[in-house]
């Protein structure tokens, strides 16, 4: 188009248009109308900015490293094992101080198992027999300990017996102790080192008070008024998790130690604290077959003749899962603008008054909703 | 300002303003206009509320504990090991029932290794030699098993040989069996206990049917019509993951068992079910050097003289990673308000009709977009 | 209502309403007004679409499997152990190639410990005594190695001594070597296989160049110009993480290897690369008591008489945590529509001009903000 056209265009481009209004002196509508605007402003200020911290850029990709160390010794004196002292290398599995580790509190030991033949345990349906034909040679005993040799072993002159099996013999005896073997585990201490880093803000911190004072970490215990001493008494952890040590030590269980880092980096770094939270992860109420926590492991030896033998251990105990979460927030201009912008837009949207013809309709509640959709926001608040 | 001013202000504050309108009887524009509004309403209702459940507060910070237990025995009879029975303590690594564990299905055993000198394995470039000068004393064999002693060992009167090394001797022989040693592993069963908790709603559940009936969990197997029996046959898991047991047992591999908890807590707690999903995590198609899964570990013994010796095992097998995800939703007033609010705002925004002068321009498509930006929403739908 | 009513309704339903305008030739306001619209358009185009890729559907639930393998041998010659060669089975804990593993670089070995009585170590406050009464029989030594027998052992004719304890004797000697035992660990190599899958897009990839060429993976090393050879020299990893090998090998530490998959699946699959990032996870600066990384483990033997004995090892070393993150994006129509829609709404919202009476007020800055809230968006930009 011609020069004139452009001229006109640019002039009009910066004109400012505004409508003519009819003032409808309708207090009821007006009041509701203002109310809606107030609500939006409150939402914007209180919810978006104060509660949700809409002016901050957040980093949720926490980099965390957990190093754990258990300390303590326990003395036991049983018929199978005799006098025995248990230290960390004996009762912590795995030993390498990961964020998930297991402390043995109860134990069934079956000593000197060898690869040979013996009678299957009582009480396994597939292992019971009354004659050799019941024990098909070479077939494994379902839910049992070995493969059948084909012979049925009757104790004395009883008609029922169990199949002979080729297995690690003797097979495990199922007599679970009535009370935990390592009752003293209650006094073991767990030292949890947790190093975190928020890469976006390049902010690092540890849950350990960085001090040269060796004494502090040697003597202190974690407690409500001592949050920078991450040394936990096992008994206390169990208690805080809402369980009784006697039970969990006997049956076994899983306890979660949650470390939460919720940092507002607009404040000083020293304001960014870890918060601890303990709870029982497995179902402590379940008295069902699936309750408790135990597993089997073995230690392998050789007798002087060089024949391999092993001690099988069925360990009951407490598994500790250290779980670290966190997020950090820091002022950033972009989210601030975006949030204000969208809030403003919300304002603007509501500020459209409804056309009279529609408003009247709505007031009459004629139910012609479609033609009034234009005015939904307003129809809505009525 | 004066009292009168305030009076006027408050009066005006609750006035209700609305524009004068010209009704443009333009069916085409009108139709599109209504269409746009319909779309928004549909988006709001269908997408935001029905599909995205915009009325719910969600908790994605799932607390999960996984406890696994493998059962089953396998019988083997090989030249190195003789008759042997394998039970859980033998073939599960690590033993403590974590959410990641490994089941040995194939094995290369090198028995009675001692710290001494022997010939390096054939086929390691850095270990080949034709004279002593080729074996620099004290230098480790790159990608080999030990440090060179400085001697070159020629077999018989051949000119080529391998360096003598100080190592755990004899070194491992590389003859991988053609078929998996623990073929019977296919019938092993994996019992996966998974306890979850949604802290925000304090909702806990387990994937195990809490029953006193011991029989149920002893006999049942997981299947399409049996989702509350989390006992999996290893062979079936491999099959569901889309692999053949024979292959994975020979070369090794990693299988993921994904447990998904997707709970709508507005419904009954019994409606919150875990859903299982199996897939092969490593690249099963890759026939490259990097395919399969194996690792070496050793068992240490002492001979009667007190000299340490070990059995080195190169284990091939199946690693199972149990991965738990989940989120829960529950009605909450705040997200509901916010979603309705923004939806309403969207409505309101579109309900602004474009100024005539602009609309006409748009209809003429004169391409002066800038001055019409006011009317973008409307220009847009044309 | 009657047929006529319906007729009228449908006619009106597709009418198109638009306001009358007064053109206020106010360049200042107009300019600001246009500016605001430009900003929104820029935000919509640049931020939402170009930077945030608002047109893409994203999958952040990455399925990842990590398999690691360490290679290398180290030769040591110490008084306790004599000549010894260390291979993978000796120095990697745990052996099964998980994403978290530990490489021993320094070691304190206490050989041939037996369950018996001996003197507690010097320097443990609770273990010191000057007479038998100081050693209460049966009480464990706090932070010590065993339970007291009740006797106080004075060396020679000194008045101070340590309690006799029942423990694994002899107790560990605390002489930490001045230089790392396995200094050669610097040349160990770590092979990290990482398989990923984005379930939503069913896209799989590995960080290993799938090649039949065995030579490549045998010889190559990871480097800036060699990103598809995930074989890392341990020394280089430590260096990239900003530590010196000598220090970390002596005291121990934790190093994170972060693998980031950030894939735009609108591009070719070959454009989806892993990016590696190394950093020290524990606090390397901390010279406090809590610095470093070590743990104790034991190997159990039997002497010819069948009595159990063990070698206790306090291992210092490097823990490697392989951490995989990633997300993938792919064009999808729904997010595109939603983003454009909301952007348009934002436009529409701002396009509402303020009523004159209000605008004038704002210009006068009379501070009656409430009645002008209608016009906040506009008041805002002034």
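Should a chain be cited, it is by its letter among A, B and C, assigned in written order, with residues numbered from 1 in that chain.
Everything below uses one rule, namely that contacts are C-beta pairs under 8 Å (C-beta built on N, C-alpha and C of every residue); 3 or more make two chains touch, one makes a residue touch a chain.
None of these values were measured; they are calculated from a predicted model.
Think of chain B turning onto chain C: fitted on CA atoms, that turn is 120 degrees, to the nearest 5.
Both chain A and chain B derive from one sequence, and where they touch, under half of the residue numbers involved are common to the two copies. Per-chain CA centroids place chain A at a distance of 16 Å from chain B.
The residues of chain A that reach two or more other chains are 13, 17, 19-21, 34, 94, 301-302, 304, 345-346, 348-349, 352, 355, 370, 374, listed in rising order. Partner chain B is touched in their complex by these residues of chain C: 13-21, 34, 37, 41, 61, 63-65, 67, 69, 71-75, 83-85, 87-90, 94-98, 184, 187, 193, 195, 197, 204, 206, 208, 210-212, 214, 217-218, 299, 301-304, 334, 337-338, 341-342, 344-349, 351-352, 355, 366, 368, 370-371, 374.
On the chain C side of its complex with chain A, the touching residues are 1, 9, 12-13, 17, 19-27, 29-31, 33-34, 40, 43, 47, 93-94, 100, 102, 115, 138, 140-141, 143-147, 166-168, 254, 256, 258, 279, 281-283, 286-290, 293, 295-298, 300-302, 304, 306, 310, 312, 319, 321, 323, 325, 345-346, 348-350, 352-357, 359, 370, 373-377, 380.
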